[in-house]
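The structure follows.
Lettered A, B, C and D in written order, each chain numbered from 1.
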Amino acid sequence: MAGFDKVVSSYEEAMAGLEDNMTVIAGGFGLCGIPENLISEIKRKGTKGLTVVSNNCGVDDFGLGILLPDRQIKKIIASYVGENAEFERQMMNGELDVELTPQGTLAEKMRAGGAGIPAFFTATGYGTPVAEGKEEREFDGRHYILEEAIKGDFAIVKAWKADRYGNLVFRKTARNFNPMAATAGKITVVEVEEIVEPGELDPDQIHTPGIYVNRLILGTFEKRIEQRTVRSDS
Amino acid sequence: MAGFDKVVSSYEEAMAGLEDNMTVIAGGFGLCGIPENLISEIKRKGTKGLTVVSNNCGVDDFGLGILLPDRQIKKIIASYVGENAEFERQMMNGELDVELTPQGTLAEKMRAGGAGIPAFFTATGYGTPVAEGKEEREFDGRHYILEEAIKGDFAIVKAWKADRYGNLVFRKTARNFNPMAATAGKITVVEVEEIVEPGELDPDQIHTPGIYVNRLILGTFEKRIEQRTVRSDS
Amino acid sequence: MALSREQLAQRVAQELQDGYYVNLGIGIPTLVANFVPEGMEVMLQSENGLLGMGQFPTEAELDADLINAGKQTVTMAKGASIFDSAESFAMIRGGHVDLTVLGAFEVDVNGNIASYMIPGKLIKGMGGAMDLVAGADNIIVTMTHASKHGVSKLLSNCTLPLTGKGCIKKVLTDLAFIEIKNGKFYLLERAPGVSVEEIISLTEGELVVEGDIPEMKF
Amino acid sequence: MALSREQLAQRVAQELQDGYYVNLGIGIPTLVANFVPEGMEVMLQSENGLLGMGQFPTEAELDADLINAGKQTVTMAKGASIFDSAESFAMIRGGHVDLTVLGAFEVDVNGNIASYMIPGKLIKGMGGAMDLVAGADNIIVTMTHASKHGVSKLLSNCTLPLTGKGCIKKVLTDLAFIEIKNGKFYLLERAPGVSVEEIISLTEGELVVEGDIPEMKF
């Protein structure tokens, strides 16, 4: 079964082939469901000039934010980039190219990239700065703009469980952008909390089929919480 | 919890409001995962002039095929319409308008209809009869055609299990077009083999969230097999 | 008296209906969940991939894998479902959410809304706001009627970069409940004790006042 | 001797690689699954929503909810996954399937393929064939080289309605294995005992024969 066994044994191996100026699509929303160790490996490698596609850019010392101090990110395509002082500094100084993209459009652009859809129309962003330079068209009396797909040289993904074939299961809202990211990478690398044998996952309950996954690695995760909100136990 | 309880108690109630000349989107592939009792109810009602969107049109005496003898279907949008003598007769005589649509394009048109995407580009069908009258465009040196979304006045869906809120779980390849159909109906009606209480389904394992479902009915199913192929037990 | 944050939320809650799927933005909209009328059930959609958001977790329930669109830890209500971001915005963009409530910096008489960016000052991104205003039919914008310095936020033309064009029909401010149609604001209700004159003076865009304007009821 | 159906399948199977995700069309392509080389694993994609198709079921295993794209009852292989039709064609259209094998009525020197319709005779629809030929980089078409009456099916221009334009690069017929490039057919291999002359005579489109053409090995 060697052919479908996607498991690699080191993070170095997991991110092998990542080169300067590549495009990396990352799953995660805020700090939830981010491929934290794959990001750390990119920091360790010191790869530069990256275009990163991710809903957010982490915080100053966690998530994609850790790639900022060494200026590893040249450009980021994201929907929301608050909560990060170094990010703001680089953006304001023009050291970092930021392409703000509506969250739903971003998700759909990743899905389209993986699904062989080069472009689609959406009402989102019509008449706003997002529409600048994009084709506009009416369907049934409503206005839409044309948005193009996004593909990455690498996609980095965090799942909960996987079998060795790369079939993935996500947990709660840590799913978010991860399934779309997984489809849109030329090389898709996934880190997970548990790896089981093929056949152990219910085929009806697999969120991402292994066909999208090239490399799989078992990790341990900090899972930092960005907004810790609790109620009293009463 | 009345507001989210989607369960109705009769097939009459399930299909109430279906009128002549409406568009009905149906889940199912071949005879697998078809909403067989909802189709029977349409036959019983005698609704005429329907535009039906479904991958196939059943066989002569089962599935959507049973709507043919009384000429209830005016037009069908499908990818494959073999195995049905009455269908062929009506099509050849020009009594039935058939819009052949590639299977993947059909699935994506339904998804787009439910997802607020009025149109998308696909390479499928470029340079073929399917492309006639459609816009063509190049992206990165490849040719694509523009396909528009499909929406229905009704969507009829077969799922395996549901909770009373309309959260759906499908079983094996009976899933097929059902999840997309469910998103694309103004009124989405679902028949299932089992209804459980809200909270009994694992939120991570729901295939179709209840927000897409308007009516839910418990049914019993013949589940006819179109191509019974078995191997010996050895 | 201008409405408090709680009163704003309370008034919005009067627009809820039993069985509504609702998306509540960050800030005042979030408070609406506290005022769902007795005997009524609504289900909260969180655009990061959760339908059926519950209350905040206890310490024991705290789960880093379960957050809302504001990145706060939450729980799931009974009958909740989880999905990916593409599915979540298919729901939103496809018009399946019954009511969306969100804040704004400015709205104008043409239903334009500006809510995500102040050039040179605040550039954090639109998150899901552009999808929410473009996808929903039924949107209530909650905002203060004017700045602390008395500068109206209900304008003839938005001055800030738009979040959406021609998509807002209802605005609830701390002073008034307003409908937008035919390129004008229509005054529907006023906050208790707030005069029509005060509302007129703080509304820069054309405001139509027809007949007696009732006070909001709580 | 022209290849048998089994030999066609056997020759296609030589193009498989360990770890390939493969979509096999109805008919001869389906037989390829029987000739997967020893020690090699491939996973079969069925476009109705199954990755990891197994063999036909026993009577005891028979399940109306588990069929393949030919509507035959099947089983699942270990590590299989199930998904909806949109996801299935996202996989196909997005180029994630490593090899697609399907039949045809005609192909031509420009890589066009006609496989789904004979006007006035056979109008059953394209099913997933148009998506498969448009989405895959690596396609092998299996077909008979000519009709029973000796009419070539390898043409300068397809005469039947196209399934796809410019998307076919490899054709295996009962007589020859052919590559399509630069607007020409290139003869790569011939069936055992079939002469180059016979292939030339039954190929209507321009056929390039360079050097010695080896016989297929089985």
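In this section, a residue touches a chain if its C-beta (ideal position, glycine included) is under 8 Å from a C-beta of that chain, and two chains touch if they have at least 3 such contacts.
All figures in this text were calculated on a predicted structure; none of them were measured in a lab.
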Greatest separation from chain D - chain, by CA centre: C
CA centroid of chain B to CA centroid of chain C, Å: 35
Gap in Å, rounded to a whole number, between the CA centres of chain D and chain C: 55
Centre-to-centre distance between chain C and chain A (centres being mean Cα positions), rounded to whole Å: 29
Numbers and ranges of chain C residues touching at least 2 other chains: 76, 82-83, 89, 92-93, 134-135
Of all residues in chain A, the ones touching two or more other chains: 108, 111, 115-117, 122-123, 170-172, 175, 203-204
Topology of the chain contact graph, where touching chains are joined (line, ring, star, complete, other): other
Every chain pair meeting the contact rule: A-B, A-C, A-D, B-C, B-D
Touching residues (chain side chain A, partner chain C) in the complex: 29-33, 55, 78-82, 88, 91, 98, 100, 102-108, 110-111, 122-130, 143, 160, 170-180, 207, 223-233
Residues of chain D defined as touching chain A within the complex: 17-21, 40-43, 45, 51-52, 76, 78-83, 87, 89-97, 134-135
Contacting residues of chain B [partner chain A, same complex]: 108, 112, 115-123, 139-140, 142, 144, 148, 169-172, 175, 203-205
Complex contact set, residues of chain A against chain D: 1-4, 111, 113-117, 163-165, 167, 183, 198-199, 203-204, 206, 209-212
Chain C - residues contacting chain A, complex: 46-50, 55-60, 62-68, 70-74, 76, 82-86, 88-89, 92-93, 112, 117, 123-131, 134-135, 161-166
